[in-house]
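What follows is a pair of complexes built around subunit A, which joins subunit B in one and subunit C in the other.
What follows is the complex of A and B.
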């Protein structure tokens, strides 16, 4: 540790202003700040600050995603780890490139986007496609808006929808049969190349033709699906972590689940057979994963607390409508992206109401 | 009364209920700045003075002559007997403090000057309170600062606040416990200041507190005393907040009715000063914070140098001493600064120089945070370190949760960031009470309060027609 610190101190002058490598200072400071707590001191009151910081915030989200990631490794093999590495590498390249161009420090946002991205992809997807999707997601979904904190859309979902719309045939045939037993698929799917395509359909596709997967399988996760989304139990476990740690707002999660389940019940009541049964719908596909981890992204969800309710209700409703009435069997991805569009609008309404209240008061 | 938002972090170094009396120092240094006002000395170099003699004065409003004519002057009494030395600022030539040497016996009782409330007129009461340096402890909602001393505006209500939640300022309970008699005495003078049918409203922690029980017993039957209970959550002691809370609770208060606020220590000071016939000369000060060994309350004479009350075990090279609590305190120099008339706390904050290795993945066992993910033992972890880099706002929403006046700091920050001052104003920017909570908990380490403060200053100068 001391050795590392001395090493960092020794190489820092190389990146000083005026030196040939000064443009690469963001890279140096990224590693420096990752390894060691910043030595910056408070200059204004309050002179002591809360120990929370962005890196820690992001890291806790990753911990909450841990169960899903471990589940993905078990069901679909070491391949998921290669996907993660490629996703991080692609994301880091874009992020660092923009930091160097903007002469800003590297933002930590890609730590979460890069971790979530492989988990929402079909596990058999070619690795180059992971890189393409991640680069597109970070570049178009985030950097063109000005980087972390200023993006309108969830970068991982932008990348995912780009792949879904741009490479539909590859995406549709990249599912892997989940492993079972003690080691699952851990020792089988370790190769870098994409495994052979499987023609079977995911539970939501099967449901279109009336074949319902048993709820037990949906809970455990030994079904076809995106790498981290198949096991409802693991998603809920991660969801509990992220809610207990305060990284996700419970209002968003609760309103999505209530609205989705509520509208589903209503639909089944007035027009039986149109929509899938409520429990099946909630446990299948990426609904829970989206509700816990994607829709709750603080940057792309509404900024004000009260606007989180209508935002969640809208996403729940849209997800149900897309699933039931459109050609897409999954609905969460587009529902959240549409929700992202409406988030600033909900904020604006809250702000207007506030402004009126203040105008009346003073 | 129900408060909104607010947050008190759990930090080590909470002062115990022990109250230690600090003996008289060999010399005292009286700062001539009090409550943001510069006082002009009225004594000469080498002059011998007695405890209670007026040593400096300043005008509350208007010019010097006007203030004298309209009885709008405030004075500083000497906290002890001694010989005067004027200490000047070398650059400006202004006298910044008065050093007292050859400290005399400084007797703390003077039966000849005791004033009984039943024999005082309101005008005499005001005069005595000004003379003995107590007037500045009152806060008036009409002036948003010290009330006028001429009696032109009388308060409809005086709030006596015993709840102080900021870590770690003198707790009301410690004073209630130790000085119950002086407080009751001090309270008997307050009706002299009130308008007709005015009330005194006590702000207390909770009804079950044994000290509160005692008080309720003793004060029931006094129709002009009312009680309110609040949660101990910073910044409940803020004057603007208390003022707003009381107006929400009491429907019979008109918007232009004046409310005065005074803390429990000042009521105690009134009791001692008028009941024993001496001016304000001592303060109860909380000494606490992670870098202070054996945190406690001390009873210390005004003017005592900080280095005389800080134990030798405190390593001052790695400690920042804050005047006041953690949230609003400002750094002082323990070598030259002394206990002032308004001090009630010194917070000792460690200055850490080492950079923690991979701090962001270390379990938060010693990092008590507003996020519920750092459960564990409370440690001395708070320090002058920023603990993170400045980043764009990610809208985590914590600032909205803690804001005691219900603002949306994240939205105001966004407006100010894009130079939209008008919108920020419409979002209630000017109701910010400078409690610093949003800045304390900000995940992105944004200096929110600094930004808001500057913006409000711009708005003020615009309104006053300045440039």
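What follows is the complex of A and C.
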């Protein structure tokens, strides 16, 4: 470690103001920050109450996503790792380009978006599409608004919905049959595999024609689906980690699940047969993954605590409606994006009600 | 005669076939007047009111005057004239009875005359063969849908006050980009209701 520090100290002057490489300073400080924490101490108030900051925060989210990622590797093979590498590379190009132009530091935000992105894609998708989606998501979803913390929409979801609407046929036929046994698909690289390994019906598509996958398979995850979302157990495990670490707000998760289940029960009660059974709907597709990891994004979800309830209820309701009645079999992606769009309005309403209450009180 | 149920028309014109996100009508006042939530609410309700009433009047005029006389080709001019006259009437009415609202809306009130969504809704009504009740509900839904769109945009723009938008994209350009993402998200409703 000490060797590394001396190396960093030695090369730092190369990037100083006025030197030919000075425009690359953000890249230098990114690597510097990734390896070392700052050793400066605060002299006067305010003092940090909690050692958490963006970097640790993002790192904890990635740890929580770990089970899903390992599950994806097991079920769908090494391919998921290539997808992750492509997604990181594409995201880093955009992120670093903007950091260099803006003369800002490279933010760690894209580490999470780049990690989540391959997990919400069909595992058999061509690698160039992963890059296209990631670049679109980071560019339009985040960088044009000023980067991490200033975006209006979830960048990974912007990228995914761009792919879903722009390349629907590729997206719909890129599922991989999951592996099983001790090694699963771990040793299989689907880039080279025979085309029959790729088939075309996820449990939600099959449910449209009345074939229900057993709940046990949905829980374990040996079903077709986006790379990281198939195994409900692993998603819940990761969800517990980020809830316990305080990364995700439990109100959002709880209200999404309650509203989704509640409206589903009501629908099944009043017109049986239109919607899938409640448990099947909750465990299949990206519902749990979205509820735990995507809807709880602290930047794009409402800021005020009370607004998180209507936000979650809206997402649950929309996900159910889109899944049941629209042409798309999976509603969570659009539901969360629409939730992001409504979030500032919910905040505004909450703040206005508060202001009125205060005005009355004093 | 079109047999779509009233509920379907109402929900459909607000969400699935939102006049702004599906047809991209009225971008002009959507871009200009969406910087504050209060303005958005005021303009949204004014547009809704004008849309409901003019659609109803236009229906009666089209089916009881233009059609019997064989003058359907005049419908564009007649519709525009009726909308303009009605907006004038609303303006005088608002000025007389609620001066506050009148000054809050300012120039946007007369500008509703050239709001293409209002003409658009009247033309869609003819195109889709709606009956009187369906047309009125369609006008109400279309107006509410537009009001919802501009309020959502105003909320996002207030949140964007914290954003650091690159210089070339400042102003209308970034609003167009955001509208694109909004339209992309509203695509999720497609296929849900056919109108």
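One rule holds for everything that comes next: the second predicted complex is superposed on the first by the 343 of 362 C-alpha atoms of A that agree within 3 Å, B and C clash if a C-alpha of one lies under 4 Å from a C-alpha of the other, contacts with A are read in each partner's own complex, and residues count from 1 in each chain.
The criterion applied here is as follows: contacts are C-beta pairs under 8 Å (C-beta built on N, C-alpha and C of every residue); 3 or more make two chains touch, one makes a residue touch a chain.
For clarity, every value in this text was computed on a predicted model and none was experimentally measured.
Novice: Pick one for A:150: touches subunit B only (first), subunit C only (second), both, or neither.
Specialist: both
Novice: Let me test your reading of the model: by the given contact rule, A:344 touches which partner, first (subunit B), second (subunit C), both or neither?
Specialist: A:344 sits against subunit C, while subunit B stays out of touch.
Novice: Could you look at A:321 and tell me whether it touches subunit B, subunit C, both or neither (first, second, both, neither)?
Specialist: second
Novice: Report the partner of subunit A that touches more of its residues: subunit B or subunit C.
Specialist: Touched residues of subunit A are more numerous for B.
Novice: Just checking: does A:162 make contact with subunit B only, subunit C only, both, or neither of them? Give me first, second, both or neither.
Specialist: The answer is second: A:162 touches subunit C but not subunit B.
Novice: Contacts for A:254 in the overlay, against subunit B (first) and subunit C (second): which applies, first, second, both or neither?
Specialist: Neither partner.
Novice: Please indicate which partner A:78 is in contact with in the superposed arrangement: first for subunit B, second for subunit C, both, or neither.
Specialist: neither
Novice: If we overlay the two complexes on their shared chain A, which of subunit B and subunit C does A:245 touch? Say first, second, both or neither.
Specialist: The answer is first: A:245 touches subunit B but not subunit C.
Novice: Can you list the residues of subunit A that touch subunit B in one structure and subunit C in the other?
Specialist: Residues 146-147, 150, 347, which sit in both footprints.
Novice: Which residues of subunit C touch subunit A in the complex?
Specialist: 37, 151-152, 155-156, 158-160, 162-166, 169, 174, 177-178, 180-182, 184-193
Novice: Can you list the residues on subunit B that touch subunit A in the complex?
Specialist: Where subunit B meets subunit A, its residues are 9, 11, 320, 322, 326-331, 349, 351, 353, 355-361, 364, 367-374, 381-389, 391-397, 400-401, 408, 410-411, 414, 426-428, 430-431, 436, 439-445, 447, 449-450.
Novice: Which positions of subunit A touch subunit B when the two form their complex?
Specialist: 1, 4-5, 33-42, 44-57, 59-60, 105, 107-109, 146-150, 244-247, 249, 298-299, 301, 303-305, 347, 350-351, 354-355, 358-359, 362
Novice: Could you pull out which subunit A residues touch subunit C in their complex?
Specialist: My answer: residues 102, 140-141, 144-147, 150-153, 158, 161-162, 165, 318, 321-322, 325-328, 331, 333-335, 337-338, 341-345, 347-348.
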